[in-house]
Structure formats: C-alpha cells, structure tokens
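Structures for review follow.
Next, two complexes with subunit A in common: one pairs it with subunit B, the other with subunit C.
Presenting the complex of A and B:
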C-alpha cells in the first residue's frame, strides 16, 4: 500500500504566508487598532487618554448617530431590494433568446465598471434642480420638476436610485449565471405536469437561484452599509450629508467626526459599531440559509 | 520533493521584502544651494502670486507649494498632519482648527524664531490675541480679518434703491434695514436675489459676532445672544420671499458665492476680505455679467451696535513641529506677513495683515472707487467669534441647525433648548 504523502508544512506555510501576512496587516491589525482607539479620546496627536466605553455610550445617546443609523438601515433596505428585484427581472428577460440580448446585457452591466465618483458627479449635473437636463425635460412636459438632492424629502431616494442604477447590472449577471445552471429538463417536466409559468418560477427558478440569491443578498447588504462615495460627492463634500442631514449615513458620520472634527476616538467607536452590526446581520443570514437555500437543484 | 523545496524557497525570497528594513536613504550631503520647503495651501487664485513672488525675491529658499482643492482642504490637511506627511509649513483655512492642531503637537511655537530672526512683526502684534495659545505665538498672520457688504450698483440703480453706503453714512445700516433693502432689490421670481450669504456656519453668525462675546468661553461657560435665532428667522423669511439665495440650493448645486455675484444675480453679498481678489479674477476672466468693474462697491456690514464691529479672524500660516527646515519655513511665512508680502497680497486684492501707506497705494488697483478702499482699510473692531477650541464644533452645529430650521424642523419655541443642548454636549466632549 502506498504511504500517504503529506505536504511538508514549510511548503504549506510558504504558500499561505503572503496572503496571511496581508490579511493580518491590512485587515486584522486595523480592526484591532480601531477598537483600541475607540476606547480613547484620540484626536490625531500624542495627547490622549483611556475613556473606556464612554464613546459608545455617547454614540447611542446621540441624535446624529442614531439618525445616521436609521438612514443607513433605510438606504440598505431599499437598495438591496431594488437591486435584487431589478437584477432578477432583467436576468429572466435577457435569459431568453432576444434580438440584441448580448448588447443589452453589456449595456446594463456597464455602469458597474464605472467609478462611483464619476457616476455621482455626472448625476449631480443631470439632477441639478434648476439647470439639470432631466428637470428641463420634465418642465417642458408641463410637470413640476422635483428638487432631487435639494429637498430632504427626496435626497435619500435620489441617492438610492443612482446607487441602484449603477449596480443592479452586477446582480443581473450573477442571476444570469445562476439561471444557466438550472436544468431545462426540470422546466419541461413541470410543463408536462401542468405547471404554469408562475408555478415554475416559484418551484424551480427561485430554489435553483437560492445559492446565488444568498450570496447576492449578503454582498448587497455589506456594500449598502459601506455607502460613502455617493453621499460625499452628491451632497456637498465635507459639508455634506444632505439637507438637514437627510442623507447622513453611518460611514459619512464617521468621516465627519474623524476627519472634520478630530474626534477619532468617537469615530472609531462608530466604526466598531458598524462592524458589529454588519457581522451580526451576516451571521443571521448564514444561520438562516439552512432554511431556504437549496444546493440540490440541478 | 526537491521541486517543492525549490518552490518554497522562491516564495520565501519573494516574501522577504516584507520583512526587510529597507535601505534608509543616505543622509544628504551638506548643501550649499537653496533650501526647499514644502508648503501646503488651498487653490485660492490670490495665493499663487504670493508663493511666486517670494521665490522670485530671493535665492536661498525655494517654496514647493502643494495646492489642495478648497472644499476638501480642512479634512486633507488634518489627514496629512496626522500622518506626519512631509510638510514644513501650511496655511490654516478654518482658523479654529488651530487649537486642535496645536493640542496634538503639530504646530511649532514661533516666539524663539521671532526673537532669533528679528523679522518685521507688526502683523503678529496686531492679531496677537487671536494667534496666542497658552502664552505662545503659534501662527503668523498674512491676511487681515473683516467681513463687508459688497454690492452691485447696477442692480441698486435698476431697483431705484440707494446703495448701502448711503445708509452707512446716515448711521441707519442696521440688520432690519438690510432685510428691507434685500426684499426691495429682489426680482421675486428667483432671477435676482437682493442678497446672498454663503452657507458656512460662520456666515450665519455675523450678527452674533457683533455682540463680541464667545459663545463658549475658555472655561466652558455658555453665553450667546438671541441674535443667532434672529438671523435664522430673518434668513428663512427672506428665502421664502425669494429675496435671498437659498442656502440649501447653494450647497446642493455647489454654486460658489463668487459666481452668484459675477452673474449679476445677487445685489449684495456679505463676505470676507478676500473677495476683491475674486472680483479682480472675475474682471480679468470676463466673468462679470451685466455690470462692469466700476459698478460694484464695498461698505460695512449691517450693524445694530453703537460701535461698529465686524466678524473676522486673520488668515495665518504655521510652521509644523516636525518640519525639516523650520527657520527657512519661518522666513517664508514671515515674508508673507511682512511688508513685501503685504504688497503682493494687496495686488491680488486681499486685505493684508499689515496695511501701511505703501500697501494702501497698491490696494487702490483692487477697488473701483476711493470710498470702497476707505471702508476696506478703515480702523474698526473685528471680533473672531469662533477662535477657540470649541469653534469648529460650534460651526458644525450651526451648519446642521440652520438647515433644519430653514426646512421647518425646528420650531422657534424649541430653538434655544436645542441649541443649548448641542453646546453642552460640545463642552462635555471636547478634549
């Protein structure tokens, strides 16, 4: 019998060491430092002291932090839902043999490869309440043009729409890939058994796409919690956050407290809180996937 | 087996640079040539001539100026300082940030350098209160401090309204008169506004500054006037009447105050001492719409107080505590704040920190008439309202509250409680 040959550990270490070092230096170390800074009143220089959990207590009793948290949850809920619904809808549409299918797939995916800063700048000009081309067209139709980013009622919705426009193509591509893996024979068998299109969608397509759906929801939620570029560019830079702070999300509040007001300790506490929330949401999804994610549909 | 060992060795060698200390740069050989200093400032058009003029005026020091876009300057300079980026000197844009920078050890005290070099120091002496912290001078002013009313004579003529200097001479240029004139000058449909006041928090406290009291003193005591709420209400009423440029619109559309005035859409603008420099640039680039160089003027801010007071904090430079060339950096910022720098600043149309007859002569070219120059350079009380360690956060609070107030989210009955609560939090959480 041939003796089992184990790979020598120095070889194993040599292969994983570079990535492991990178992970330790650029992920683990900054997280540990952020947590350490969150327990101090660090303001950028050498003079700071340990304050324990004071920054966390202050954050959870502060209207601006709680408001930013609420805005982040609203933003996340809407963008994730819209991205996935639109991504799935277009994937189903473009999965069929249509004229120009590949062209449309490319065009819908294209915004995803653009820089979010460039997209935000472009939309800022397009959505200018007075001089923007979109409002000019709307006014020419005799309709009252919305204020878009100029109103606290519509500013968050505007940013959600721009974000969704830019990124739903990515989820469309994921769903398209998932649709390719579902066997046609299942649909044929279902059709023979008298299942209509809705029944086929609910019983074959959705379960078949559930692994991709799980991945997409997880990634979309994490990305939505991290939103910053659009808020910063479209609502006034370091003085931004939308009219009356209506688009001030958690990451933007972290940025303002840290880099504009020198409250690095407090900002670090906010960022650790954000990490904890995202981690909790991801863990809940991980546990929940056992109930609805089906890896057996082929 | 042999192949895997070779592969492992190759990977280890590839990873070695991560552990290598890195070759330290050899200490430069002693130079007999000019010293280069790295200087950070923002992209205001009046600033580059100062750097160029200094470099042209002598051969011992070369200023390597690094320009940061103005909207992002405060954040970027803080980031650079925290990271100890290579920097010998920098200009302070939000003056109240000086306290946090000093507290963090980024700024070099200048007393020893002032004594050693014996430079002209009238700018330092004129603004000593504003630039001294814990008994040490930590900044060298180069630009004076003052807010004014700039006005478009054509729009006043069109509306049949006397220009504000008329009311100043009569002693009736009060805030109520300002509001009245603003309404009369506006077209009422958003085409022409009677007045524009930019969205900065400091600009919402012009009335409060004239009370000459810090909102939070050094001991953390809170004391402010009803002027803040009065201004908020005045602003809201004027915006609703389409007499004043909407603050939120300015922020969202990123319309610069200079463009508002250049385009002939604002009959008056209340802004600081750097604005004549913008007017010169506007003239030189043919940006003035509907009026010419001679059709604008400068006068005092509206004021209800018996003695005229305006808001202002000098603009100043610092030497960084970790600068490689401290004395060279100091000589540059002292030049900027001295008589030669003052003339270049005057040529660019800004109020220098020191004004002598020679500087006033140069300033003439930045103004359309002698009366405007007189108002610009007259001796007056200037109060730096936000020059304290609480200043930046007070301004941030005002920034947020003015928008909430304009949107109707803060009723008048709740304003004081909310403002005071915010100030108390600032006192409790500022280092």
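Presenting the complex of A and C:
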C-alpha cells in the first residue's frame, strides 16, 4: 500500500534544507550570477558597468581564448581516447581468472586515489630533461631524449600522458563492472554456434558494454574539461600555462583571468562558454543514449 | 588442430603476463622514485643508474619540512574530517527526503541535483568566490567547509541505496508510531552502512587531495592544506627535490592505507556511479 499523504512541510524542510541550502547558495546562485557578471566589466571593486556582449566578442576574437579552446579540444580527444582504449583493454585482460588478477586490478586503479599534486611533483623529477632518470635511460640507449614539459612541442603531450597514467584504471573498473552484467550463457551459445573470439567480442561484448561505454565517454569528456592541478603544478603555477601557453586549457585560462588578472567579467564569459559546452555534451549523451545504446543484449 | 590452438593459447597467456607486469612496473615506478627520493641526500637524487634503496638513507628531507608541514598536515586532516562528516549529514538527509518523503517538486529538485553533478567547479568558481567573499569568509577554513558541504553525487549515491529499502519497512515503523527522525536514524542509517562507507571513503579521498578550492580560498600560510603547501615547491625558483618528495610521500600515505584496507568500497563506488549510465 502506498502512503498517499504528503509529509508535513516542517519535516521535509528539516531533511532537505541541509543539502538544498548548499546547493542553492554555492551551485545554483553562482550559475545565475555567472551570466550576469559576464555582461559587466566587474573586476572585484565597487565600480562596474553593463557592457553587453563585449566580453564574449572580446573572447571569441582573442588568440589566447581560442588557443585555450583548441588546447582543451586536443587534450580532451587524446585523454578520452587513450583512457577508454586502455581501460577496455585491461578490463578484458583482467576479466579472466588468472594469477594475481586482484593485484593487477588494484595496482592499475591505485593512481586514481592519489593526490594529483603529489603525482605531478614526482613526474617533474622523473621527466627532468637534463638529469631525470627517464632521460638518463633514454640517452644511455643512444636516443635523443625529449624535453618533455620543457618544450612547447611536447608539454601538452606530457600532461596527457601523466593524466592518462593516473586515471585509465578508473575506466577499467567501470568496464569490469559492465562485463559482469553480460550473461555467460550468451558466450556459451555463441561458442556452440562456432563464433570465433573476434566475432564474440564484436557481437556480444561491445553491444553489451554500450551503456557503460556511453557513460564512460561522457564522464571522461567532462573530467578532461576540468584538468587543472597537473597544468598548474607541472607547467609554471599561477602565471603558467606551459611554454608559449602550450598547456593553457580553458579552465586554466578562466583561473588566470579571474584570479591573477581579476578580469571577473571576462572570466565569467569564459565560464558561461564552458557551461554551454558541458550542457551540450550532456544533452548529446541523453539523446544519443536512446539512439545508439543497445539494451537488448544484456 | 587442438595442439596449434593450445600453442596460440599459451603464447597469448605469456604475452598477457608480460604486458601486465610491464604495466604494473610503469605504474609503481614513479611512486617508488617518490618514496626512495624522500630518503636520499641531495647528491644521490640524480645518480645514474638510479638506486631504489638509498645508499645513504637520511631523514634530513623530512626534518626540513618540520617548520610548516605539521601544520599543513593538521589543517588537511581537520578540514577533511569536518567536510566528510558534514557531507554525510547533508547527503543522507537529502537522500531520505528524495526517497522516503512525499512533497511537491521532489522529482524536479532531484533532477537538478543530478544535472549539477556534471558541472565543473571551474565553471562557477568566479561567482562562488564573490559570494564567499561577500559572506566575509575569504581566507577562512569555513569557506572550504561550506562550499564543500553539498554533494550532489553523494546524495545521488545514497538515494539510490535508500530506494532499495522497501517502503513497507518504513510504513511498518510508521504504524508502530515511529516519527521520520527515528526511522531515519534507527532504521535507514544502520541499513545503509555499506553505502555510507563508500561515501565516506570517496569524500575523504577527494578533500584530502583537493587542490583547486584551497588555492582559490586560502592565502594565509597558517591556513594552508597539504596540497597547497606542496604546490609552493613547484613555484619556488629553486627546486628542493628531496623535501618535495618527502612531502608528497607523506601526503599519499593516508589515502594509500585506506585504499589498501578498503579497496572494495572504492570499486563499489566507481561501479555504482556507472550503473546510472
């Protein structure tokens, strides 16, 4: 029997207000304010005025902003692709019963739980172009060692590698969970019908994983937009963004304009752009899920 | 045919074993470098080939941290503990309101919570900073506690669990004369122990490692957290590699210990986040 009576409002308030207050004050209000501030030349002081779309026009004709968008796009494409491919590959390898399975799963997931500041500092030592252990090994093999973080050609690639190192295990765990939902009997039936392992992978495993695949792609994209710690720590701190701005992604540009240059209005316009991109990705996920995801297999 | 199949199989197994061992090496090596450098004297850090076990082990790097890092460590521990507790309170009460109470607008508010999971903090940090500053909380620990108090993901996670507890339990308790508060504390919370453990671990890991919010809200040396203190190393002109690795090593130990002793909750939390996909 369903309880049709509404709960008295003081009781509802007592339960919902602790979280709703935080949500309203520190999430909803800032979203609304971001739009408002982006239409002003606010810089933190008491004197500011309405400037219309000037901040947006300025941003979209500014090489730094457009460059940051491009860098974000490159960073996102590579990290999403590498994390999903590696995550899926290791989920498949570690789904079978084999010696040390739990050890390998644990090790691969481990970097996820660690401080990205600590991880970044360790990689700065390892990747030191002159004296770092990795380049020492590379040089001892007679190969010309890359400058890693020290060159505008390789700095972004280096950040991508460190980020993938730290988080592909997360996607492995997601995919391992997805593999559990695929019924064993499907594989047995396919084996009886004479389907080879490639065929089984393409016709059973991949469609069976499509819901989790779609979720993983969305999460990976959203997380890629947020990369900040590695860039701040490894490529020059507050004034940084890498050699020749090569690692200045959108969120870093927002931080720099907002908190080093105090161009709040301009940074808010960049924030609204970021919000719009995130909203678009989420909408595509919602729509696409119905179209491409296969729920029949599982 | 069977013999060639067996041959291919054992070749695959061997290749798989090599690949897994190599991957484990690539993941463990940077952490080994961090740990061993923490105990090395300056002159040994860049030795080639690099020694895994320091030839002259020293605690000098740790003693160089003594002036500031005990305070950073304490700040991190204090803040993380408070935020974890506050988050648990807001997430469980919110989850109860969304799963077991009937009120107008409930599903709409819940949908807004879920959508907000996707919003990157950097997209709202400028106005959030202005709000915090106008509340007079800039450069205080309260700024971090209040902005960290709400968790859309935690509320979602616990709500999903509460939904699996049959309404008939709650109704039976109502008939016995129990109020919502005693149902929440005596019935729901004890049943939700596993998901509460997952939530605590996830939020501990997040706030222990969090760098962005402290970077925005804290400037006072005495209020800095561990990640913020470590970041100072990266921006100083001279690089103190030894102390830097010692601080990094200290900062990853608590999370490592929790991970090794409660791995299953981490995995469950990740898997639970995927279920909704």
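In this text, the second predicted complex is superposed on the first by the 280 of 298 C-alpha atoms of A that agree within 3 Å, B and C clash if a C-alpha of one lies under 4 Å from a C-alpha of the other, contacts with A are read in each partner's own complex, and residues count from 1 in each chain.
By our rule, a contact is a pair of C-beta atoms (placed from the backbone, for glycine too) under 8 Å apart; a residue touches a chain by one contact, two chains touch by 3 or more.
Quantities reported herein were computed from a predicted structural model and do not represent experimental measurements.
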If you stack the two complexes on chain A, which partner ends up touching A:282: first (subunit B), second (subunit C), both, or neither? second
Which partner does A:237 contact after superposing on A: first (subunit B), second (subunit C), both, neither? both
After lining up the shared chain so the two structures overlap, which partner does A:259 touch, if you call subunit B first and subunit C second: first, second, both or neither? both
Return first, second, both or neither, reflecting whether A:31 touches subunit B, subunit C, both chains, or no partner chain. second
Check the residue A:113 against both partner chains and state whether it touches subunit B (first), subunit C (second), both, or neither. second
Hey, is it subunit B or subunit C that touches more of subunit A? C
Contacts for A:11 in the overlay, against subunit B (first) and subunit C (second): which applies, first, second, both or neither? both
A:46 contacts which: subunit B (first), subunit C (second), both, neither? first
Where subunit A meets both subunit C and subunit B, residue numbers: 7, 11, 14-15, 18, 21, 44, 124, 128, 131, 236-238, 259
In the complex, subunit C residues that touch subunit A: 13, 16, 19-20, 23-24, 26-28, 30-31, 33-34, 37, 45-46, 48-50, 89-91, 93-94, 96-98, 101-104, 109, 112-113, 115-116, 118-131, 146-147, 149-152, 155, 167, 171, 174, 180-181, 184, 205, 208-209, 211-212, 215-216, 226-227, 230-231, 233-235, 241, 244-245, 247-249, 251-252, 255-256, 258-260, 263, 266-267, 270-271, 273-277
Which positions of subunit A touch subunit C when the two form their complex? 1-7, 9, 11-12, 14-16, 18-23, 25-34, 37, 44, 90, 93-94, 98, 100, 103-104, 106-111, 113-126, 128, 131-133, 136, 140, 165, 170, 173-174, 176-178, 211-212, 214-216, 218-219, 222, 225-226, 228-229, 232-234, 236-238, 251, 254-255, 258-259, 264, 267-268, 271, 274-275, 278, 281-282
Write out the stretch or stretches of subunit A touching subunit B in their complex. 7-8, 10-11, 14-15, 17-18, 21, 41, 43-48, 58, 62, 64, 124, 128-131, 149-150, 152, 235-241, 243-245, 256, 259-263, 266
Can you list the residues on subunit B that touch subunit A in the complex? 4-5, 7-8, 11-12, 14-15, 18, 71-72, 74-75, 78-79, 81-82, 97, 100, 103-106, 199, 248-249, 251-254, 392-393, 396, 399-400, 403-404, 407, 409, 425, 429, 431
